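Lettered A, B, C and D in written order, each chain numbered from 1.
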Amino acid sequence: MIKVLYFARLREELKTGSESVAAVPDLRSLKDMLRARGGDWAEIFGDGQWVMASVNQKMADLDTPLTDGDEVAFFPPVTGG
Amino acid sequence: MIKVLYFARLREELKTGSESVAAVPDLRSLKDMLRARGGDWAEIFGDGQWVMASVNQKMADLDTPLTDGDEVAFFPPVTGG
Amino acid sequence: MPYNQEGPSVSEIVIQSEPIDVAAIQDKLRANNPSVGAVVTFLGLMRDMNQGDQVFSMFLEHYPGMTEKALREILDEAERRWDLLGVRVVHRVGELSPTDAIVLVAVASAHRGEAFRACEFVIDFLKTRAPFWKKERTGNGDRWVSARHGDSDAEKRWGE
Amino acid sequence: MPYNQEGPSVSEIVIQSEPIDVAAIQDKLRANNPSVGAVVTFLGLMRDMNQGDQVFSMFLEHYPGMTEKALREILDEAERRWDLLGVRVVHRVGELSPTDAIVLVAVASAHRGEAFRACEFVIDFLKTRAPFWKKERTGNGDRWVSARHGDSDAEKRWGE
């Protein structure tokens, strides 16, 4: 299983902060799977949306491979400081 | 008359902090006059010495004209901050 | 490079909901260390206006765990690039009001050039790589703050 | 330029023999002004080593009257170049000991870029244009500190 977290605007729009999903080979596959849910998911994970991601708390890109037990997070561009 | 001040290393080596001298047309003339005193004066105001000067409390160069009543200061490169 | 890769890090990170005690942090950076010739401090404060709207308060969300890791990477890079004697980063989370300090970055070094460079480097990268998100309460309702292009431009100045 | 040439200056200069109250100055710069988004502070401190020698204490001489004028020119130029909400320069004179703060430059602005640029500009020009001279008491006797080439190089970065 992979733990998936959502932060800030994504958490509010998707109405969930975390969930567990079946393991997939990489971040691209995970994003495709989430988009396939349709509705807000299709919109947020669609092309042209600027969503950032991390794997095990490190910034990641779509080619980042995933392993069972990984922690993935999706979030909007950061605005701290 | 022109009031002449000396600061820091110059004040110590020339053994004077201030004096009044007869008016001269510009800073170059004043420097030449001081150098003509010989000894430490010739050394400090000689060529190749990096002495800074101000006229009426503003940084000045050798071409700066002088007027009766002006306040001139000579000092080493500054080292504050 | 004067940085000793095996040596202990001189930097410290704190994420807190309490107000930032600026004076205590600066004092600690220089206390009992007569090698420190310069301390440069950046303080980021909450303004009461943003994009033309009055902002009454703000909520700062973060990603616990990743926040510390992201900041640690930034500080390790700063310590590799410059010879530093101490770095403190304190970032607030939770509810904030206008004039509150949001973030402090303080850098101590022997000479000022290194302290200035490192301080600006850390805040530039914090702005684009540390997982914090601001939600503003404005006269036109609540809204998430959008990332500024200026921030990614600021980061790019530093190269890789 | 956003600077209003006719407007009042937002900068303040203090030359004093007393210790510098860093916290009070920073607090005052941001107090009751919710337009301030950034405060950058440079603190220059006395080190106990210089050019390989232990330094026990230092005497800071200045040129009363000209000091304030030279600093005023530097601050006016900073206010012309950047949109600033407040600037404080405090410089100590007289006897100092290692770890004492020699000079503080604190700049408040809406955004961090302007505060960083202006703060570094002011200290770079102070180092080459303000009439202060340091005399060190070392294990090898008393000596006047020589000007550093690095300081005039730092000034040159800013053009005219």
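Note that a contact is a pair of C-beta atoms (placed from the backbone, for glycine too) under 8 Å apart; a residue touches a chain by one contact, two chains touch by 3 or more.
Since we're looking at a predicted model, the values are computed, not measured.
Without subunit C, the contact network of the other chains breaks into the groups A | B, D. Relative to subunit A, the most remote chain by averaged C-alpha coordinates is B. Chain centres here are Cα means. That of subunit A falls 26 Å from that of subunit C. Inter-chain spacing, taken between the CA centroids of subunit B and subunit C, is 48 Å. Among the residues of subunit B, none is found touching two or more other chains. Within subunit C, residues 44, 123 each touch two or more of the remaining chains.
Of all possible chain pairs, the ones that touch are A-C, B-D, C-D.
Taken in their complex, subunit C has these residues touching subunit A: 44, 60-63, 65-66, 69-70, 91, 102-103, 123, 126-135, 144-148.
Residue ranges of subunit D in contact with subunit C, taken from their complex: 22-23, 26, 30-49, 98-99, 110, 112-113, 115-116, 119-120, 123, 150, 154. Only residues 5, 7-9, 54, 57-59, 73, 75-81 of subunit B touch subunit D when the two sit together in their complex.
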